[in-house]
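Next come two complexes, and both contain subunit A; in the first it sits with subunit B, in the second with subunit C.
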Partner chain A sequence: MEKSRIMVIDDEKIVGDMAKMSLEQEGYEVETFLNAEPALERLKEKRFDVVVTDYKMKGIDGMEVLRTVKRDYPGTAVIMITAFANLDAAIEALRGDVHDFFPKPVKIKELKASIKRALEKELAAK
Partner chain B sequence: MNVTSSIMPFLNAFARAFRTKPRDTAPVRSAFDLFGKVLESNNKALETIADMGDKLGGGYLFDAIYLRDAYGRLREDVRHSMAIFRDLTHNRYPQLDDSYERIDGLIARVLDDKPSLSDECVIPLDSISWGSGQGAGGKMGPIAEVRNRLRMEVPDGFVVTTAAYDEYMKFNGLGDDIRRLANAPSREQARVYLRGAILHGAMPPAVSNNIARALLKLLEKHPSASLALRSSADEEDGNCSFAGQFASLLGVSPEPLAVELAYRQVLASLFSDKAAAYAAQKEIPLAKLKMAVGCMVMVDAVASGVAYSTIPGEHDRGRMMISSAWGLGESVVEARTGTDEFVLRKAEQPELVQATVREKKTMLAARERCEPVEIDVADERRNMPSLDAGQLGALGKKVMDIERHFGNPRDIEWAVDRNGVIWFLQARRLNISFPETHPPQVVASGQAAIIDGLGVIVQHGVGAGTVFIPKKPSDIFDMPKGAVLVASHDSSLFVQSMPSLAAIITEQGSAVSHMAALSRELQVPTIVNVPRATHILKHGQEVTVIADADRLAVYDGIIPEALGSTGRDFSRMEAVYEYRRKRYILRYISTLHLIDPLMNDFMPERCRTLHDILRFMHEKAVAELVDTAREAGRSFKKRNGVVPLDLPVPAGIMVMDLGGGLVDAGPVKTVGQDTVASVPFRAILRGMLRPGAWHADPVRLKARDFLSSMIRMPDLATAHDSTAGYNVAVISANYVNMSIRFGYHFNMLDAFCSGNAKNNHLYFRFAGGATDLVKRSRRLELISRILGSLGMSVKMKGDLLIGRISGLPHAQMEELLEKTGTLIAYARQLDAVLHDDRDVDRYEWQFLKGNYGLR
Partner chain C sequence: MKIEQKLILSNVMYGVVIVLIGLFAFDNMNLVMTKLRFVEIADDLNASFLVMRLSEKNYFLHHDRAELNDILQKIEQTKQSIQDVREDIVKAIGSDELARLEAYLTAYGAAIERAASHGDGGPDEEALIRIEGKRLKEFSKSITQMERGRMNDIILGSKRILVISFSAILFVALLLGHFISQKILRSLREIEKLAHSISEGNFNRIEGFKTKDELGSVITAINSMSEELAHREEQILQSKKLASLGILTAGVAHEITNPLNNISMIAQTSQEISASLSESDHLDLMRKIDAETERIRKIVKNLLDFSKPKEAHPKESNINDVIRKTLTLVQNMIDIQNIETVINLEKDLPRLFIDGHQIQQVFVNLVTNAVQAMQPGGRLYIASRHGKGRESVEVTVMDTGKGIPPEYLPHIFDPFFSTKGEGGTGLGLSVSYGIIRNHKGEIRVESKVGVGTTFTVELPVQVRGLRTDEVIAPEESETVGKA
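And then the complex of A and B:
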């Protein structure tokens, strides 16, 4: 069976590296990006089941990623993570139909559970 | 828990009392106020440290923003605490500011992501720990860990760090050449140039001087040593071994020039053709690598070899492989001779399952200060196994311990010397992958847990081993490796044994205690606040402890499937380079080096972390309060603010109330026990007045004692004994400082007992006596044993005994204070009845059983 594919976009290498280590342990295929532009290019080449993206990034930010994914890849869930967690950001993301929203530091166990729920939701929708 | 709310009611009560009390108690009130504020700031800082330890423990994705924010808060709390501490101690410790500035600077380097986290060129092996980012490289870091944490035999030595490598390249103007290597028209030629430039380069003075100093120190201990210089490249992600790709040189003379020459050869090997080919395969730019060099005393090996703690390519992770030959191990790693191979099954006692003994025609023999030479093996030994059964068993056990410690399979080089001692020379990560194990199956197995869901997890993980329940603090030094420590309360004294523990369980404890910080730093699975743990679990019982997000349980027996391939569930995040680099910040924050305030090295200059600084301030704040209160009690001239305490025994105690220590009954000439509101003082009095503890009749001194003291033991039953007036207790609601003189000996006790265990302490001093030195010594020995049995840490210096304990929860502290009060009363005339050493045993046993007779 094909592995589920997760994309992680965060301008801090440590976040991507740690996410990759922990998510690959769950059997996922993981690709990481330090900014959104090459990530969105990659989405054109390969299908991803879940995109985990930082909210605030230079250039294309997390909300732009969310809008692009929802428009062009409706079967792909988006999870937002941010160091600047506030109510406005959460509301904005939820209105954008984000699957989940986590303030940093993100508990890895909760991220894994959220990804699992997103995948189950996708499967049910098919 | 809100720290402020636990302190404020007390401080408010104190403030009210302060407005009405006379001036001559002002110094101690001021000291007490400042003491409370130091505690409050310290506690806030400790909570931030605990949070950082948790968030950087491998269970969270974090970034630099979190690190800066958290450190910003911590910095503020520490600086605030230091400002108050300066006031309290009248700036008696200016060196503390220097230590703080130094540590703050090092933390700033981590936060700013400076590439070299330590600017030291040469670091002794004793000072290195794995994952610390000190620039020791991928080989020397782990082997230093084996030496310093696991306390296994690793040869003495030092590391010339990656900072020295940077300095060497900069000093010789090679930085640009290295950076341009990837784009050079001919990389091969560029490498040839670099190798030549390095081999003929000048040694930077700083590096040269540091190497010379380190060699001198090494030669002091090993005057006839030969040295091995081992490459230790700073690999980025730990996934590339570079095994055999860089130079290692044996038989190097410990002369500075010889070592420098060998050093250059190892550096130059970074740009060898084979290293370049390997790096290209792994897509690692050579320019990104830095080379540290380990310099170690050579082992005169009878047999050596390599051990793989898990066999690559096998699905069964329960087996290890040991390869061995006569002489030095290079013949094994370079396959120069026939090699014996042994496969062992991992177990409490590793079991040999397969042995292949090959003909070993030659061996590599060490020569003094020369390169080793290949010689023929004597005929009778060629087909003998190069390791016997005992050596295999001992080596196998240590290999398992090493794998367990690092949490992943290891490639281990070892040697056995002429005395049969097993030495370790390398413990590199073995890069093999396995299908992941799933969470423990114990839930499905139907096995009931003996402890289920009770307690607070301080550090996640799974550990299994034999339960060890210490009866007194010194027992922890007898704990076997791999034990599961089960104790009534947590203690920073455990740190000395922690690295080798499978797990820790305490009945009382805190997620922000010193021990908790250490558990997280050392990643020892730890659960605190498990009621009656020391009763439910039995000393010597085998158990499996599971402390993870899904489960908190302790099972009877060792459950291998819960452990996977290692004895301890270690964070795999350690394999992520960026994670290791960022986590290094904890090395300057939470690691505790200043452990025992009674030791001579408990000084501000020895503070290496912010945790050390907080601990130093706490202990010295207590000491300052003790001294101030004692002075206040000693020097009072008028009786304003002090009243005699009327007790059924003639203890002659005067009481000074700082606020909340006495029930407010208006102006009185004396107070009774029932008007004492101070929690710790009430407990002490209960103990002192325990039936049988206070002996009213004087014990007659024997003639010899009379001659040695020239005076009879005073009978304190008389009302006009002038010494009684000097006994003073300075008290408040949660505090007592007592100076009590009975006859010719002195007790001094300082205690804080509140609802916040972190703030609680008991400090006790005993000195003097009327009898001869031998009997006085026996009394000290007896008191020391009793205090030790009660859980206190005790030191003796001549006629002086000092006992202390801190961090006990309220109920336990009260109980301890009561027993100490009983001991104070009991010990009054003890020395006169301790006629021989057996009496010490007898009276110790009697006291602990509650029998206070002195006949």
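And then the complex of A and C:
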């Protein structure tokens, strides 16, 4: 079976690095990006099952990533992580059909569980 | 209440003097009228004497005894008239002179009677008549002339005195008025200057005006108002600081979240995949954790420094020296970025009473921002010159960088406001702002998107009341570190 592909977008390099290390151990294929622009370009080339993105970034931010993914790649789940955890952000993301929403500091175990649920949902939808 | 008293007093004085002059004039007028009355009477008397003289002459011509009787009658009439107006005559010439007049009149009458009773008057009697008559008339005439003269003198004297006293009053009034109003105007001018400087935010006092009158109390009131305003301003500054502390705390909380998350994720990952990590991998992760804690340390330190006031140690400094020191500090950054610098420092600028280290920090901040806003090959322009009215010194730092959009300009000095993303904490300009304000100076910005930005720092030549316990400054400039 093809490995599930996870994309991680966060302007903090360590987030991507640690997520990659942890998620690769689960058997996922992980690609990390520090900005949303190259990430969205990459999405055009290759299909990803889950996109984990930071909420607040310079340039294209998390909400725009969410909208773009939901519009162009409806089968791809989006998980939002953020240092900026307030209710309005959460509601906005919820309404944008985000799969899950994690305030920083992120519990990697919970992230993994959420990714697993997203993949299962996608599988069920197919 | 001294001015009010002075004014009342001077008004009362004027009143009294004017009343006195009025009384004097009135009195003189009465005197003149009395003399005039007498002159009237005298004229009548003289007319009577003329008639008597005429009769006298007729008698000498025709020796008609009837003429003598006429004269005697006339004399009685005259005596009667004199009786009638005795008071007025006495008022005018005094009772002695009146007695003399009456005596002469009586003597004249006696002479006429002698002539009448002796039948045909001999030459002796005629001579007597002539003599007495002459004496009478001359006396009367001389009195009359004298009184006329006196009357003239009185009128003239009155005129002169009135003119003199009115001039004197006018002069004194003008002089007094001038002095009083000058004093008031002088005090008012001081008050106006003070009010003006208070409105500009300089809470000075007027010293040395210890008068105990209304102006003195106004000045005392304004002084205490000025103190109160300075006190209020400090309170406002404090509450503003508290407010920005709130913003700061929120900003810091936000800033800290990322390094904390990084540390957390490293720790979690390190535990999870520990087995698959080599020794060097573990060490690498520990190093990363260390770096993140250092990040946190800096952020917390900035917050502490912002909330903890740092004293300014001002001394006389040459602003151009400070600028040159700044340039040596940032020269490396400027060269790396390939920035062309144009320096234009005006000579013989007045020395300023400033904390050189802090002002240098401000310039480093401004130059760093300028360089970071530009692409390689941009131009940095630094100039110093006299400020308005030579009461201040201006330093401009201008770049040809990307500029600041107009909607950001009002917030440019707010704490945590940053257009640089990862590049800064956003504290540099707010700290610089605090330093310049503490030196009683001004820092202004002008910018055009795509053209460039100019920061202008204006520092006063004379600084009174430099607050040395309120200045905020981080010990290390994080913006220099980033460069």
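Here is the rule we use: the second predicted complex is superposed on the first by the 126 of 126 C-alpha atoms of A that agree within 3 Å, B and C clash if a C-alpha of one lies under 4 Å from a C-alpha of the other, contacts with A are read in each partner's own complex, and residues count from 1 in each chain.
Note that in this section contacts are C-beta pairs under 8 Å (C-beta built on N, C-alpha and C of every residue); 3 or more make two chains touch, one makes a residue touch a chain.
What you see is a predicted model, and the numbers here were worked out from it, not measured in a lab.
**Student:** State whether A:Ala93 touches subunit B only (first), subunit C only (second), both chains, or neither.
**Tutor:** After superposition on chain A, A:Ala93 lies in contact with neither partner.
**Student:** Name the contact category of A:Lys109: first (subunit B only), second (subunit C only), both, or neither.
**Tutor:** both
**Student:** May I ask you to decide whether A:Leu40 touches subunit B, subunit C, both, or neither, giving the answer as first, second, both or neither?
**Tutor:** neither
**Student:** Tell me which partner A:Lys58 touches in the superposition: subunit B (first), subunit C (second), both or neither.
**Tutor:** Touch partner of A:Lys58: subunit C, not subunit B.
**Student:** Give one of first, second, both or neither to describe whether A:Met80 is in contact with subunit B, with subunit C, with both, or with none.
**Tutor:** Touch status of A:Met80: no partner.
**Student:** By the touch definition above, which subunit A residues appear in both interfaces, subunit B in one complex and subunit C in the other?
**Tutor:** 12, 14-15, 18-19, 21-22, 25, 83-84, 104-109
**Student:** Quick one: in the complex, what on subunit A touches subunit B?
**Tutor:** Against subunit B, subunit A makes touches at 10, 12-15, 17-19, 21-22, 25, 27, 81, 83-84, 104-109, 111.
**Student:** Mind listing the subunit A positions that touch subunit C in their complex?
**Tutor:** Listed in rising order, the residues are 11-12, 14-15, 18-19, 21-22, 25, 58, 83-84, 104-109.
**Student:** Could you list, by residue number, the parts of subunit B that touch subunit A in their complex?
**Tutor:** 55, 59-66, 436, 549, 572-573, 575-579, 582
**Student:** Once bound in the complex, which stretches of subunit C touch subunit A?
**Tutor:** The touching residues are 254, 257-258, 260-266, 268-269, 272-273, 276, 288, 292, 421-422.
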